[in-house]
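Structures for review follow.
After this come two complexes, each holding chain A, first together with chain B and then together with chain C.
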Partner chain A sequence: MTTYLLRRLLYLIPTLWGITVLSWGLMQLAPGGPLDQMVALNVKVSPEVKVRLTRELGLDQPWYVQYGRWLKRLSRLDFGQSFKDGQPVLRKIATRLPATLLLNSLAIGVILLVAVPLGVYAAVRQGGWFDRLTTIWVFIGYSTPAFWLALLLMILLGLKLGWLPISRLTSLGFPGFPWWGKAWDLLRHLVLPVFVLAFTGLAGLSRYTRASMLEVIRQDYIRTARAKGLRESRVIIRHALRNALIPILTLLGFIVPDLIGGSVIVETIFAYPGMGRLSYEAIMTRDYFVVMGVVVISAFLTVLGNLLADLSYAYADPRIRYR
Partner chain B sequence: MATKGNKAATSLGALLEIRGLSVEYRRHRQVIPAVRRVSLTIRPGETVGVVGESGCGKSTLALAVLRLIQETEGRIREGEIVFAGRSLLTSSEEELRQIRGKEISIIFQDPFSSLNPVLPVGDQVEEVLLEHTGQRNPHRVLEIFAKVQLPDPQRIYHAYPHQLSGGQRQRVMIAMAIITGPQLLIADEPTTALDVTIQREILELLFGLQRELKMAILLISHHVGIIAQYTQRVAVMYAGEIVEEGETDRVLQNPQHPYTRGLLDSLPRLRGEHLRRLPMIPGQPPEPLHLPTGCPFHPRCPVAVARCQTDPPYLAEVQGRQVSCWVAQGGEVRS
Partner chain C sequence: MIRLYWKRLKQNRLALAGLGVIGLLALLALMAPHLVPHDPIHQDLLHRLEPPSRFHPIGTDDLGRDVLSRLVYGTRISLMVGFVAVGISVVIGTLLGLVAGYYGKWVDACLMRLVDTMLSVPTIFLILAVIAFLEPNIYNVMAVIGLTAWPGLTRLVRGECLSVRERDFVQAAKIVGLSAPRILGWHLLPNVIAPILVSATLGVGGAILTESALSFLGLGVQPPIPSWGNMLTLGRDYLHLAWWLSLFPGLAILITVLAFNLLGEGLRDVLDPRAGT
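Let's look at the complex of A and B:
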């Protein structure tokens, strides 16, 4: 087990390296650079100054030299500074990451709590009205673009009815609120983004749960469980669901990066102060080091999520023991 | 135990009585008859065999007795099943649950796929006690493990199915089936999935336990030798019907139905004539969706007459057992 873990951790190194090379290359292929916006918006910066800055910042070097320099600094855990405001990249990320983790863990939690029971019930009553209804509903959820749903909800619940705030994580007077006022304020701000993320993310998992349950329910050991005189609830939960959840664990490894990617759109629409909007802004302004910082950290979380999924797979299924 | 409306009478001295049972499966909107008008009686402590080729409906019969055919797959179309004075076809799901695993147990063919892969086997056996007595009792499980001759019961208790051999798994299945002391045990091909060397051990164990616990056994097998050795009465099934039924010795020593005769002829003999080519029954069993008219066996029957193609035969007594064959029943053939 320890050797397996060590081997898996070693494999992470080339994977992460590959991701950084690709992202760096892609970013360099995109037209423009970090200085363009600065220059375009500032009449005082003359072309001569731009050339000088470009040389000083090393932006005139070939991409692989720039990459090498970046990688060298990264090896000392130095992620560099933002071109925009000179802040260290790590600090920028540190201020944004908690909000994203909060949003995504809430969304994943809601998805799990809703999708798994939904899939189980649809499978148990396969072909019944509930199963048909969820099939239609899930199809709608699956094909609804997140930005469109977000805009509709903002218009209805935020503007027309005025029930929920439509942007940011906190209200203006937040620092002065008592703790329960803060909690209530956070909650109200989280409702819409969590709902949009969960609604569009539900479909896949509930379908997957349903398919997995249908597969398991046909197995001989379910017939044995019934033949033992067990209550149907026990047959379904203890014998069927336990087996059906095993393949779903692997799926969870894929949902984590999905939500990080998905939150770029949702965070941008809701002006949510998270990693998603940070990376969107950084990409738009070609803030290379910030983009790379976000890429490295997201990639690390993603591969870590996959590793954890694999490990829990081994934990849940006694037949699998990694060597 | 028997409550409202499911009291039913069995013939004198019968533990289980199946009367005119028909079961059909539904697949792709087609109705497939699997068991047709089967009647069978089992008395307390008795061993009754059901023998026939794969697909003849014998496993379906076993599942139907426990009402384990899922609504999505098929249904019992007609007939009656009476167990210890209760009609199982009118029993509620809750009443059936009290009977399953407690009064009637079943052992399936494949002990690997029949055990839950993610639960320790001790837990799976103990679960039966928990459900029917309301309490856990690990000591009782270890006792039963010793009784079914599992080595090192403590270790097996915590083992997962994949860590056990095929024979050990089937012993666990037997332990699970007998821990509540059922009156009837249904053994559906209990040794078919096992190595030949282990088959005998498992059968000896099973029938030793039967004598000790005084339970009736419904033994389902395609293996005529096993049926001959362990059962008192036998029903021969073909295409979902019982074609011959009676005392095992009488039926197997002097078969009256041409299908029973064919089954027996295709067995190798160890004494007497050596190196003979085993005779086979020509052709294949009919597909349930395209049953022949008349007697379902007539296309393969060596002695079929004109009437067999048109009139379905019925069970009638011939030489001290029930046979469903116009030719065996004699007289009618010439009329």
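Let's look at the complex of A and C:
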């Protein structure tokens, strides 16, 4: 396991480095570079000041010096400051990240709780009406634009029926609520965003579970388990599902970037105070360093998610480690 | 060979339905000017936000424009973005995948790390960052979606290529002294075309979804050009007043993307029976 872990960590180095090059390259795309973007927001900057700023920020240096400096600051987790309010980018992101993590982990939880049983049942009754129904349903979920589903739910459940709040994470009087009132309020605000994220993210996992189950059910050890006279439910859950779940672990790694990406749209539409909405606001105001900070941090989170998925895969399936 | 595949595809009713819908949409897009009841960008301020009626089958928007006509014209945008973006990503993805799979060694290692990197940045952030620095318009949207969608395909093509490379006819071609481009184009490419076709079909659906999301956020196709995504932006603005502005454009996206996904999955079953379960 240790050698596997080391090898896996070694593979991370080029990827992490690649992420920094990619992000830095993106920054160079901005017309006129970061300085023009900064100056454009402040009319008081005179040409002389601009020249001085160019020198102070090192923008007159060759690109590799600039990249080196940027990398150095990055290694200290210094992502620069927001143009809009001068706050450090890291702090801005840090205040928004918990909300996004909450949203995404709830969505992953819902996806797992729904998709795995769906996939298992569809596989056990392969070709039956339940299987066919879920297949069609999964396709629809996969093809539904998340923001449209959000709009429809807002109209129906929020405006017409008035059951659920349609924006933000808390109500106006939130600080004054007792703790159970707070929890209830949070929950009500989370229902719609979590539902939208989960509905559109569910398809892949339930189809994969079904395929994985179908594969496992054909194996000899399942026949053996049945031949021993075990109850069918025990064969399916203890013998088949446990093995079928292993490859699904890697899929979880792929779901993470999709969810983080999807939360940009969902957070924006529900005015949810997370990292996704922050990045949208930053893009609309061309708040350059914030955009780059979000790109780098979300990429690192994705790498971390993939790493955890791979490691748990290797932990669950010893064959992987010795390959 | 092709006849055999067609025969198999014909048995897959869902895929066939997808193909039919795509054909219909293509027809709509081509014939749009002859089909629509009104000019899609003609404003009629006396008839703003009218609910569906006989004259405007699915209502009018905030400037009195006919939603149905805009919807039909939106088909053009969606299909164009879908096909062009996928075209770009298929060219890049196939080329890099073939090269990585054929040459192996350090070329492969470098390209695969590049793929890893691209796959670890959530695509939407990549696209949003680029669009933020460029001007949001339909050409940039097509280019950016195409330029960010290739890594998955590269990995796929490379994998296929690795196994085909060891087969006898490729070794024979090498021994005969054929040039690398010729081996890649004539001997490897035809053997990896099936998975490319499947992933391209699914990719069109994905690209249409991405475009609509970008346009919805105001970072894609700009009004007055009608796109399903930017029509939905109006839907959000008039959430309380005009449900028809939200319902129909989204339905159009759903149906279109669904059609491409059904066809793609059907093609997968037909072309690659191993993967089908």
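What we mean here is this: the second predicted complex is superposed on the first by the 274 of 323 C-alpha atoms of A that agree within 3 Å, B and C clash if a C-alpha of one lies under 4 Å from a C-alpha of the other, contacts with A are read in each partner's own complex, and residues count from 1 in each chain.
Following the convention adopted for this analysis, a contact is a pair of C-beta atoms (placed from the backbone, for glycine too) under 8 Å apart; a residue touches a chain by one contact, two chains touch by 3 or more.
Bear in mind that the values here come from a model prediction, so they are computed numbers and not experimental data.
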| item | value |
| --- | --- |
| Joint occupancy of chain A by chain B and chain C, clash or fit | fit |
| Contacts of A:Leu74 with chain B and chain C, given as first, second, both or neither | neither |
| Partner chain(s) touched by A:Ile269 [first = chain B, second = chain C, both, neither] | second |
| Which of chain B and chain C A:Leu22 touches, first, second, both or neither | second |
| Partner chain in contact with A:Arg286 - chain B first, chain C second, else both or neither | second |
| From chain A, separation angle of chain B and chain C (C-alpha centres, steps of 10 degrees) | 80 |
| First (chain B), second (chain C), both or neither touched by A:Arg210 | second |
| Contacts of A:Thr224 with chain B and chain C, given as first, second, both or neither | first |
| Superposed model, chain A: greater residue contact from chain B or chain C | C |
| Partner chain(s) touched by A:Arg319 [first = chain B, second = chain C, both, neither] | first |
| Shortest span in Å between Cα atoms of chain B and of chain C, once chain A is used as the common reference | 12 |
| Contact set on chain A toward chain C in their complex | 11, 14-15, 18-19, 21-23, 26, 29-31, 136, 139-140, 142-149, 151-152, 154-155, 159, 210-211, 214-215, 257-258, 260-262, 264-265, 268-269, 279-280, 282-284, 286, 291-292, 294-295, 298-299, 302-303, 306 |
| Of chain B, residues touching chain A in the complex | 63, 66, 68, 72, 93, 97-102, 105-106, 108, 110, 113-119, 127-128, 131-132, 160, 162, 173, 176 |
| Chain B contact footprint on chain A (complex, rising order) | 126-127, 219-221, 223-232, 234, 238-239, 242-243, 246, 316-319 |
| Complex interface listing, chain C residues touching chain A | 14, 113-114, 116-126, 128-134, 205, 209, 212-213, 216-219, 232, 235-236, 239-240, 243, 246-247, 249-250, 253-254, 257-258, 261-262, 265, 277 |
